[in-house]
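Both complexes below contain subunit A, partnered by subunit B and then by subunit C.
Moving on, here comes the complex of A and B:
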């Protein structure tokens, strides 16, 4: 009898202790993000929430629960917002194999507000502050060829994946978008966490990508899209053989 | 002054002639006649590209180091500074960025190689569709096919030498192709590469093959190819005054020499323009070869593209039995298929002679429409080849046109078996229609546009007989004469007759022309 009673009291102590710990946690820990972020940040989150409700909630859900149209955004982090919105992919115009690049719908302030809001939901990767493309060019090239060129092509011209999906061309992507893509791993792209590619390595890759897509002058002349031997073969037939057959016709006509 | 020069020149010529007796030979050679037709100049494009290849290649050998010795890059191209690479790749970077005119030479060399192969293929098509390969020129056809195959080998070796990422990817595939040979594969691949891939000596082996062995054989075969043209005389199209026994055209000197010389410079101009204006194989972007890296859109040069395509279309069949792996998924598209294709190509003149029973000498060319079956077979083969070539670029097509690579591949797999036979039927029908149109022209003349009203009130259109030079041209082949005879005797629409023209599969009922006397072949009508 006494043993039963002591057993029940034992359970009661555990339940009480759990309730106490839980209550203390909700009392002290939960408001912590609010306490950490300044007033600016909380305004950004508030504004971001308004933008979210207007432009994103149709698919991602009024309370970020996700749905048939789009995934939940809890835990994706600010990087995902920067990648998707700053490259114009979101808001999505229509369902397709992959979200295409479009004209950007939000300005930089609004994107930061949206990012702050999504970050406030459950954390996730964020972009570092400071310049993103002043890394080691040669290291970036080597890492790019190992990790990126198998889908994005040796010059970042893009490439095909299965079933009409694709690795996009990298020329339109600025340093923030490139960095955010590596961090968030959008669509079919793998995510490169800071353990796989350190911030310095990410910086090197971003530097190299910006170099080959925007600063490289193509010393050999017309780049032919950087698609490799296929356009070269087309040129040799359409231009080379084409012009020379016209020349033979001209010489032949003067016989 | 002029007389002095003339005196000196004639004196020197006499000195040489007294010793070599060469004036007769030169006189004969300069008076040689070469027929005029634009399509006879296609082979010349290949010849001139080869000359440019030899010259630009010689320049490149002065700076290229064919070695896989590892070095750390410290050259002019900053994005590769401090990266370990082979001496071959480093020297190619040096040629591209530091050697004066080096990048231009590299680019003109590469464009000339692509043009060389393209010109060979276009020339081959001309020879095929006009029946220029028939007796007595089967041997020259075989040499031509040999040159085509050697060109592919030479091109692939050159593509592999810079040891960039694209080169290495190509060599990796070559290694796998060698590996897929049943039973012998492992030994063959180790023999070629000197060990497990990459083996460490393939660049050292390919270099002398690329700059000495294969170009030497190509040069010898080109010489023999042209000596045979010289000896057997060039073929010509039928026309007024042109028979199986003469050659009508311009003399080698001065008319033909001037034309060919001018044409050389125009071909050279096209190559120089491409080499100077269009970037080809930017090896600095591919980076040094590293077996752990492969870029998207890695493709061979166009002349190997059909094998890449056949491999992409091939289902992934692999067999593991008795502790061995058999790879028909690699063996069939990369070895069996080209073996069959090039075998059929080489043997075609003999196959056609066997099937038609035509053993006569032919110095007059066919118009493609006059041999519907041959022309149909040719277009069928080109279609087959083109589908393989397109399949080799399925990823680029998918990427540029936003299509599904899977559906492109499935479509091309079906097309490979369905489209070529349709192309054959359509071409054959088209040839027959063109023949009918010719016969119609001969029979009814050219529409004048004048409508005459008869007293009875009927309207008739006036036609003008075909000018004689055209009617001779249209009425020369035996098949054509037969058709015309039929059309005249039956006095009906030629459609009924022409619906069953003689393809080459049926012999021509005992009309075997006597072989012409070789010495009389060259009566100039100039």
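Moving on, here comes the complex of A and C:
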């Protein structure tokens, strides 16, 4: 009877451990809106204004003055639009500690039109043309570790901040969104000007982030969300000890 | 004592009734013996089979070791190559074979070939018998007399003094411990010196205008090895000058909304580099201590008991940030000799 009970408890330990491993897997979806650009600039501004009036002006004000719902967009630049709209954070669904990434509401042409409109209001940072993630990988690693990893985790898995805010995981972000985030400093993220991190250095960081979040190379097997030694130790402890308990029970039952 | 260990370990069957009511440890309860496995001593055929099975398991260990060594030498880990994902699991599998082979072989051996019998070892009084004890006392007394100590008082007193003074020997060593070691002078110094520029992680000096409002930069002192000095790491933060509140004694420590703090948490020394540019919170990832960067890094939340030390900065003739001097208080966690308070006088 004792051996039956302890065998059941052994199985329970393993089931719990397996449930934990499964739970630690998080599925990341990467929406990548892609569309052709090339709209004439002045038409883009005009179209962007229409989109702005329909989708953004409720919070940001009919004349961009800002309001209780949202800040003024004068001077935030095209980068802010690219970051906020292309990652689905804007338009905001509801007020919370932080805007979460969600499904993108606008296609790439519309985003470029919105960006052109906001850029026309009062300048601000814009994305450079050309490829954004063919930089120096090693330099990017150095810069990532001093400038980004304290909040976004060494593997770009993200982490908690104060009062329900968080640094998001970087895997869903494409090169444009990463670059735009560095330039515009969305929400509580610090802003990294081109004087501080030159475009070459930003390119290195983008390259590195895309590399570590998309290489899918986990030599040890399960990544456990890249959260490091604590979940790894927990899994090893629960699974390892669970297996040992079962083996011990089995040996005891055979005696 | 004539009986050997073998004599004392008699098979239980030979002494079925073990009852010692007068025994010092009480009556040792002897459970009835039941066989755990069949006795193969009279069954050579099954014994041979068991021997083969046990030996096979032991040889499995050899296979595991060979596989381990061959994998390690012939297919070394090389990140990105075809086999890199199989390297670690293969080593694990072979090591498992080796350890399981030895372990399960030993278990099977004990469960088949080893003789299954219980033995009883009788317990005895632990004390020596009275004759031996009396004799020992005699020998000690005799030795004491023969040493001459009872008669030669000079010898007796000098040995007492000599041995007693040995006890004083470790006392000076105590002064090397704890509060006697005066660490204050060492722990209050970092690499920052008056006029040393603020270098970024790549060794470039940081100048006014590099950071936008809402920007941060890890900075290190411009001294040899400065970027590797763990106690000197600091964070340069830029915010709107009107957001920045400093006490009168520190009003010259900041430049155009730029302020520098030590990033070593005053709780347990983790790097406090999670900066939120809207709330001006500096957040420690280890125990959630939260500091208000807009108010001299005052503790808002968490176990930290003191503000992060602030580094006084100015701008040199070429527009680069320089330190006015070292931190005015020790950086990082508390320690025994830390004074209750430090003055805000830079270079004091």
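The rule is short, and it goes like this: the second predicted complex is superposed on the first by the 215 of 255 C-alpha atoms of A that agree within 3 Å, B and C clash if a C-alpha of one lies under 4 Å from a C-alpha of the other, contacts with A are read in each partner's own complex, and residues count from 1 in each chain.
The rule is simple: contacts are C-beta pairs under 8 Å (C-beta built on N, C-alpha and C of every residue); 3 or more make two chains touch, one makes a residue touch a chain.
Because the structure is predicted, anything quoted here is derived from the model rather than measured.
Q: Give one word, clash or fit, describing how subunit B and subunit C relate on subunit A after superposing.
A: They clash.
Q: Thinking of the overlay built on chain A, is A:251 touched by subunit B (first), by subunit C (second), by both, or by neither?
A: Both partners.
Q: Go through the superposed model and pick first if A:151 touches only subunit B, second if only subunit C, both, or neither.
A: So A:151 meets both subunit B and subunit C here.
Q: Regarding the shared-chain residue A:189, is it in contact with subunit B (first), subunit C (second), both, or neither?
A: second
Q: Pick one for A:223: touches subunit B only (first), subunit C only (second), both, or neither.
A: Touch partner of A:223: subunit B, not subunit C.
Q: Between subunit B and subunit C, whom does A:159 touch in the aligned arrangement: first, second, both, or neither?
A: After superposing on A, A:159 lies in contact with both subunit B and subunit C.
Q: Between subunit B and subunit C, pick out the one touching the greater number of residues of subunit A.
A: Tallying touched residues of subunit A, the top partner is B.
Q: So, does A:232 touch the first partner subunit B, the second partner subunit C, both, or neither?
A: first
Q: If you stack the two complexes on chain A, which partner ends up touching A:143: first (subunit B), second (subunit C), both, or neither?
A: After superposing on A, A:143 lies in contact with subunit C but is clear of subunit B.
Q: Check the residue A:130 against both partner chains and state whether it touches subunit B (first), subunit C (second), both, or neither.
A: Neither subunit B nor subunit C is touched by A:130.
Q: Go through subunit A and flag every residue that touches subunit B in one model and subunit C in the other.
A: After superposing on chain A, subunit A residues 142, 146, 150-151, 159-163, 167, 219-221, 251, 255 contact both subunit B and subunit C.
Q: Where on subunit C is subunit A touching in the complex?
A: 36, 77, 79-80, 84-85, 87-89, 107, 111, 201-202, 209-218, 271, 273-279, 281, 283, 285, 288, 290, 301
Q: Flag every residue of subunit B that touches subunit A in the complex, lowest number first.
A: Residue positions touching the partner: 36-39, 41-42, 45, 78-83, 96-97, 103, 107, 110-111, 114-115, 118-119, 122, 165-166, 249-250, 259, 262-263, 266-267, 270-271, 274, 276-282, 285-287, 290, 292-302, 305, 392-396, 398-400, 402-407.
Q: Touching subunit B in the complex: which residues of subunit A?
A: 97, 137-138, 140-142, 145-146, 149-155, 157-164, 166-167, 208, 211-212, 216, 218-224, 226-230, 232-233, 235-237, 239-241, 243-245, 247-249, 251-253, 255
Q: Which residues of subunit A touch subunit C in their complex?
A: It is residues 142-143, 146-147, 150-151, 159-163, 165, 167, 185, 187-193, 195-196, 217, 219-221, 251, 254-255 of subunit A that touch subunit C.
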